[in-house]
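Here's the structure, in structure tokens; my notes come after.
Naming follows writing order (A, B, C and D), and every chain is counted from residue 1.
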């Protein structure tokens, strides 16, 4: 058999394979240069960017738990201008679609950030982070309120022609509702899941392990929850779904695709093993060969449920 | 220092220590007899009971995942009469408070089950399961809709004088709201968390690993999420909170208590190690001694957040 | 009160038996003494940490000091078991399950074992006053286990493999079928079987056809192993024909074959 | 392009160094060759599975074939490391971080190491053309490491322990203080320090008081180790006094002490 086709599309973004890196776990690109062959990735999603530079939360910002970690970075970032100036030159030369994760503290801010990226060369799409649990304003407040979600997505849609991908919060009883809201508001795709709100207490000091008190759980522990959410979201909408949460090998990525994801993102596992994305891509290809499937798109949503 | 006091109260239920077993993970009592010294437990919570016997879901009903398991038992049970006849005689002689986990397919059924237990000797309290993800009617549908939750808790409250403990769903954006609804509807306490809706796909067969397609995630993987929810719920209400989700040793139990739980329940870990409850009780006592705390109630909600 | 115990058993010996099969000898006087043929232990695999479930294994051999398990490497847990070393402590819950019915007087016992299913049959065979016939099947010669154990007890031993690399070529239930037509004709047979579902279903069909009793030991994935989680259920019918779930860990693992409501999904090649 | 690599390093030797301290020698030519004093590696601990983060360790010694780590057992990960055996393969990411500034000509180097912090200092000391003075501190005699290594390089060695079981009794920074008043007076000193935060803060105060440069290597919990997760940050100030977060894994672990905005939470006993 000839090698299976791995190409996939998310909105107007053509990816050479369905495997991208998740926002906040791959910085802005250069950090893993020399260790990760970025040219092999389907896309790069950079850490969340806001209008102005943002400080984030005080440390400790991260704590390890069984099967994952809980983080409360708080979206520290250099702002639109800082990012474009410092990192876009590097990213452009990699020849890989760049998706910028963006956030704001108000509907207007989201729209403005989206507008600011519209003309920027080398930016292929925007992931609209309406699901970060670690900031007081913005983030998850938009992702768990149907009205607010609709408003912020519509506003961003009007502000940009780039492929627009709202990133949904796992913290809702009915994810299908939010996926449909995104679709109706003109999103090109949705991505999920962001981290699940969580808390760790140091019983010796009686203090929360994180300075922000709560944080978000990511890593292998969340994978079965993420697969369920991706399955429910994918059933509800026609636009592509990007699945993430707990991928540490090809198996978890394939589960997402069978559940209905058109592409997947690898997050926390980059910290454990920076070569994980290559292993996931190779593993998906091996799976397709073993199963006699010629095109990766044929497994999207192919779960027999 | 003399031995610390471990006694705690939940509604009218006096427990010799804060450690109980979680519904569905300890059967109806006799199964672990001879291996677990039931007399040491703070309370026993039995598997969910409905008005009539209930078949549950077809197998496979359970699958192991990183840091936990996903189950879709589907609340199989012998019904009120079967339970009272077959198991209450055994449970009564153990001298430990028995809390019966109950559920129904409608508000009326919940109320009727509650009423039926009202006179039953040996039953100390009812845990109202409005959060099971594994049945089509009832369960989580009541636990994620504020109006339905209020109605079903009020109806059960009118039907019984027993200590009433609604068991809340983790699958909501605002747990404080549901805790307050329970308090306002006359609940004596709330317990949380039930399992988190999840899905596992067998990539070889392309089928869901569970016959029910989705199930609920429990075990160590959910602990940081559960601690966050217990903390938010405990801040919102004055009634006691029972914390559970991923306890596998004293550390996790103490985290729940620091977060605001008056008592805790051990679930999945019983399968890994049937002697875990004794270890949790001993571990809490050791912790109190080490910290010079004379009364376990002094650590309830003592996190410095 | 159950007679099960929770014991920290010391590993006396752990060695390869053949290919993917290994023998694990554990010091656990409590479990060993209480064990009945067809019962199992629920074993916590050391160093398996992100995974939390125990694994069930039949008690292959037992005496007042030890039990022996015979297991096959088939997945995550049994692969992790390879790193068990002599002297390690392993948490064991058992003996569990009902086991085979004993004191079946006047019958000619026919034992059918497929793959590691044979491990459940040695203790059973040993307690019969007279030797019977044993049918041991597997995919290939490597999967034919314990022939010597049964020969030592003077049992008639019949072997079959799917690839013909040992004994007759074909399924063990086909071999059994032809035995009934020859040597086995006219005997007051009761069947005792353990192996894959397909084999057990075929045994059930033969037993029904010939009006024989057959005691079959089921293999399902388990949670608790003691009857509380309701994960291991299979569909059973009682004497009146009413269907209900049977817990393989508690009402089983051994059922008279007519109690089992076989799903159409279970393939029988025979 | 970074010069870091991801290597599967073979364990050449793993042995106890003293009490809770162990030495781990790894074959990793790529990392070894590239390593600069003060850099670290991010190591994936084998058999730690439910836990997923790597752990950072200073490169204690390095040559064109191997690196050596000197580590202390203090928690879950370093305890799990005890089971590392010769011949095991360990995934290593490194060398990481900025390392100490080199080519500091004409200075008299003063090295201050607390506990395992000394491990970060050996390669640094080795590259100075002339020996300097080293101050090694710890809670008790067992925590005083690498005295022989520095003596072999002809460095002046000063020891202190909090309990007085080796060297002078007290904090290493107190010892340093009195050295400045005596032997150390009038020298063109630069300080290089690694140890607990309290010690580094005290060193900072001394350096400020005397108008000396002090290069301190910070110890924080890390996620990625390469600068992407922003977990390891500490508050820094630039030349103009503007505060921002510095990534210990990337802008650090070594900072000139004036760059660090010490929190009031860090206790200094000296």
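By our rule, a residue touches a chain if its C-beta (ideal position, glycine included) is under 8 Å from a C-beta of that chain, and two chains touch if they have at least 3 such contacts.
Bear in mind that the values here come from a model prediction, so they are computed numbers and not experimental data.
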Chain pair with the higher count of C-beta pairs in contact (A-C, B-C): B-C
Farthest chain relative to subunit C (centres taken as mean CA coordinates): D
Separation of subunit A from subunit B, taking each centre as the mean of its C-alpha atoms, in whole Å: 34
Centroid distance [mean C-alpha coordinates] between subunit C and subunit B, Å: 36
Centre-to-centre distance between subunit C and subunit A (centres being mean Cα positions), rounded to whole Å: 48
Averaged-CA centre spacing for the pair subunit D and subunit C, given as whole angstrom: 58
Shared interface positions of subunit D, touching two or more other chains: 50
Subunit A, residues touching no fewer than two other chains: 66-68, 220
Category of the chain touch graph - line, ring, star, complete, other: complete
List of subunit D residues in touch with subunit C within their complex: 47, 49-50
Touching residues (chain side subunit A, partner subunit D) in the complex: 24-27, 30-35, 47, 55-56, 59-64, 66-69, 71, 73, 76, 219-220, 248, 268-275
Touching residues on subunit D, where the partner in the complex is subunit A: 1-6, 44, 50-54, 91, 93, 220-221, 223-234, 245, 250
Subunit B to subunit A touching residues, read off their complex: 65-68, 70, 140, 144-145, 169, 171-174, 196-201, 203, 205-208, 213-214, 217, 220-225, 227-228, 231, 246, 251, 254-255, 258-259, 287, 302-305
Of all residues in subunit C, those that touch subunit A in their complex: 50
